[in-house]
């Protein structure tokens, strides 16, 4: 009996290998490419392990010399912009979203159903379509090429999403506690901040991470609404390594690793919360 | 005892409702400004033949743009391609997701590491995913070519992205790599909360592992599967970023999806009217899909 | 119930007011501002003068015109078209002037984005600038900008490998080149002696125009109808397909863009290649990546024997870019002042390390010597430019060029990959062009 069990366990372990390979191989190649020289990257047969590994692709981006492309020189600023926009959007979504989510989840009021449907509906339109109208607003308000316009436009897809997810977390808070507090004459605001939010804190952390990753990831709006390092974000900077005729492939690889590090690290550190977040609304109770 | 006349006292319910409206107000205002207003503008534009930059020369066309789109061959071939992308992407994610979820749930040695690693493809930004896979598929120096030729599976390097259907399938592969973790982790969490009794009873009755898997576990997972499927279907239908970065819609329109077509019409050809009409056609379809999700969710709630 | 209806109606009213308030408005002409004016320019990243150089030029201009402030934004080439298009939806447009690619002139002119500058071109400019440069910014018989980056494709060849095969002179006709290629291949000097950039991108159209016009063919006929599918066109495409089938052109050509051609040449794997001028730096001066330093030369672009017999000396493709002003710009005069300054002979000469001037007069006498001495690569690129650019042919400035080019790119691909015959493929593309032109 235990032999069969050992066999099963061995088989299962073997099965994990292709999955791990599938997950890691592309990323490993990205990292390997980022520490290779251009000559090695363009060699046939392929150099799986670089013979002359180098960190120069990274140093070019972090401490650019005169030979580095203009794009690489501004990378640090660009990362900072990405952080600024992502954290602002996250903070706003959490604050405004929690308020709205609580009302939608717990309080019965007129238009509640319509509002829920409406909020869901706004997510349906493809982002590509909203660019021109948003651009018009941006230029009217003189917000073009500022982090503010990115924050505002990201809210268009992040806020509905945040409300939806936070609402489902709030719904799983035992309603009796709130009812008891209501009986005692607590205001809704107090209930929200003293009871509901503390209990669903892990869910809120999940949401925060999701929103942060969504903002960090966003590419097309950033491309259109920014043009200088005053507001440019990381995905746009990476795309710029592609020139008119030639691509700065090693810089792009190093840039890609940089761009991927914050979200990947964040996700690994808070993985428990991410899983919780993913299942919010998917599996009740 | 209160001194205000009864009919002027606000019931708890009404006060509650007022509080609720106050709570949702900031969110509603923001959404009105940054989401609803652009949507309405797009709707407005979809009824005109507009050219960017020359709004004063609008020609009202009523449903003309919509009809033009629905009559155009490019539209239908794009729908076909988008459906191909959606079906294969979601299908693969589902099959692989269930398999990986079950694998993790069986707790093989190192399952925790496996579950943690799964997060990585999902966390890598879309543009990096697109760029990374584009480099892997590179015709002259790509890793796929290198790997396959060193394994002896191909004699010469293959220009992977040159054939339309193949390019589409490879884009699907990249997308699946990026989103399978999402499905796998949802299903894995759902698996972990499944009640054991039914399976234990079945085991006692003599059902083997396969039968237990197919006849009990999968049906119990149905709600979670449905939810994951609908979320991913709506997202896959609207895919844009990875196409833009990896293939730019090529070759020969082979990877042009419906969102990308909207981009082409609006930005490359300058037909905002058509682009806007397309947007609404996409939205209607996505919204219908989302409504299915809500229905399923409420049905699931009722059945519990 | 009616309270709810009232609320819904109120909401819709608010929504429609919002909509009306923010809806795209017709362009209005604002009164010309007195006092300091800001002019915003959109340029391309990674090519031409560096931001430092551009900022220096802007600073000089500002000293001469204290009331005009110039702000320059940079984008990657891939985003340039979309950025210009979006900037047009603002009123006034975000950018007063921008760099544009040759292929967008038909489209942008029809859309009304471009300011007609025909009357602003001075006689000095008309006399001094290369005649073949004006084609870039011409639509109909009017000019919509100043040509800025002048570029054309050059015929590069590996002199060392050619000598090894026993040839001392580069070929003058394409037929001659293919004969040399056969010998090179037989001798085992290079497996695929010729490499092209025929990927399904604009790059393929560029090569196509070179070969087509080199065969005496043309893209359009005198009536503005597509002419590339006549027998000259079919002959040219058949020749292209044949060269791959014969193993003389590198099969990777079918997926190559210019960047790939550079790599192949750098590795010494090809003897003949077409590319823009930037390749010279990559193959001749990039010591890290190039294995063929000092071995690559540029010769006059060959033509087909029959065209040569009819008197055609050479041909090439005009891949230049132009600097144009937004039609709705609120400061056209100030913007033009800066553009003219940027393009003035003096400024261009002083800042020619990364951008060759477009003044014919810059390439004479002492100025020529100065130009060539400015950077080591200039010693090669400047004479090459003088030799080849006068033959540059511009692609048709059709309003529907984007879609038309896509159709032709597809046709070339389908023929090269044997999905269709050259005649079939070109006929279908021509039919598409006719349809788009309606």
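Labels A, B and C are assigned to the chains in the order they are written; within every chain, residues are numbered from 1.
To be clear about the criterion, a residue touches a chain if its C-beta (ideal position, glycine included) is under 8 Å from a C-beta of that chain, and two chains touch if they have at least 3 such contacts.
From a predicted model like this one, the values you see are computed outputs, not experimental measurements.
Because contacts link each chain to all the remaining chains, their graph is best described as complete.
In this assembly, C is the chain whose CA centroid lies farthest from the centroid of chain B. A straight line joining the Cα centres of chain B and chain C is 38 Å long. Inter-chain centre distance (chain A to chain B, centres taken as mean C-alpha positions): 15 Å. Chain contacts: chain C has residues 22, 24, 82, 86, 89, 263 touching two or more partner chains. The multi-chain contact residues of chain B, meaning those touching 2 or more other chains, are 33, 36-37, 41, 45, 52, 140. Each of the following residues of chain A touches two or more other chains: 42, 110, 131-133, 136-137, 239. The residues of chain C lying in touch with chain B in their complex are 14-16, 18-19, 22-27, 81-82, 85-86, 88-89, 93, 107, 111-113, 200-201, 252, 254-255, 260, 263, 328, 400, 402-403, 406, 410, 413-414, 417.
Across the complex, chain C is touched by residues 32-33, 36-37, 40-41, 44-45, 50-56, 139-140, 159, 161-162, 250-253, 267-270 of chain B.
Note for the complex: chain A touches chain B at residues 9, 12-13, 15-16, 19-20, 22-24, 26-27, 29-30, 33, 41-46, 48, 96-97, 99-100, 102-104, 107-110, 112, 115, 117, 119-134, 136-137, 152-153, 155-157, 159-160, 163, 182, 187-189, 213, 216-217, 219-220, 234-235, 238-239, 249, 252-253, 256, 259-260, 263-264, 266-268, 271, 274-276, 278-279, 281-285. Interface of chain C with chain A (complex): residues 4, 7, 22, 24, 42, 44-47, 50-51, 73-79, 82-83, 86, 89-91, 94, 257-259, 262-263, 267, 276, 278, 282, 288-289.
Against chain A, in their complex, chain B makes its touches with residues 12-13, 16-17, 19-21, 23-24, 26-28, 30-31, 33-39, 41-42, 45, 52, 100, 103, 106, 108-111, 114-128, 131-133, 135-136, 140-141, 143, 145-147, 149-150, 157, 177, 181-182, 185-186, 188-190, 193, 223-224, 227-228, 231, 234, 238, 240-241, 244-245, 258-259, 262-263, 266, 272, 275-276, 278-280, 282-283, 286-287, 290, 294, 297, 300-301, 304.
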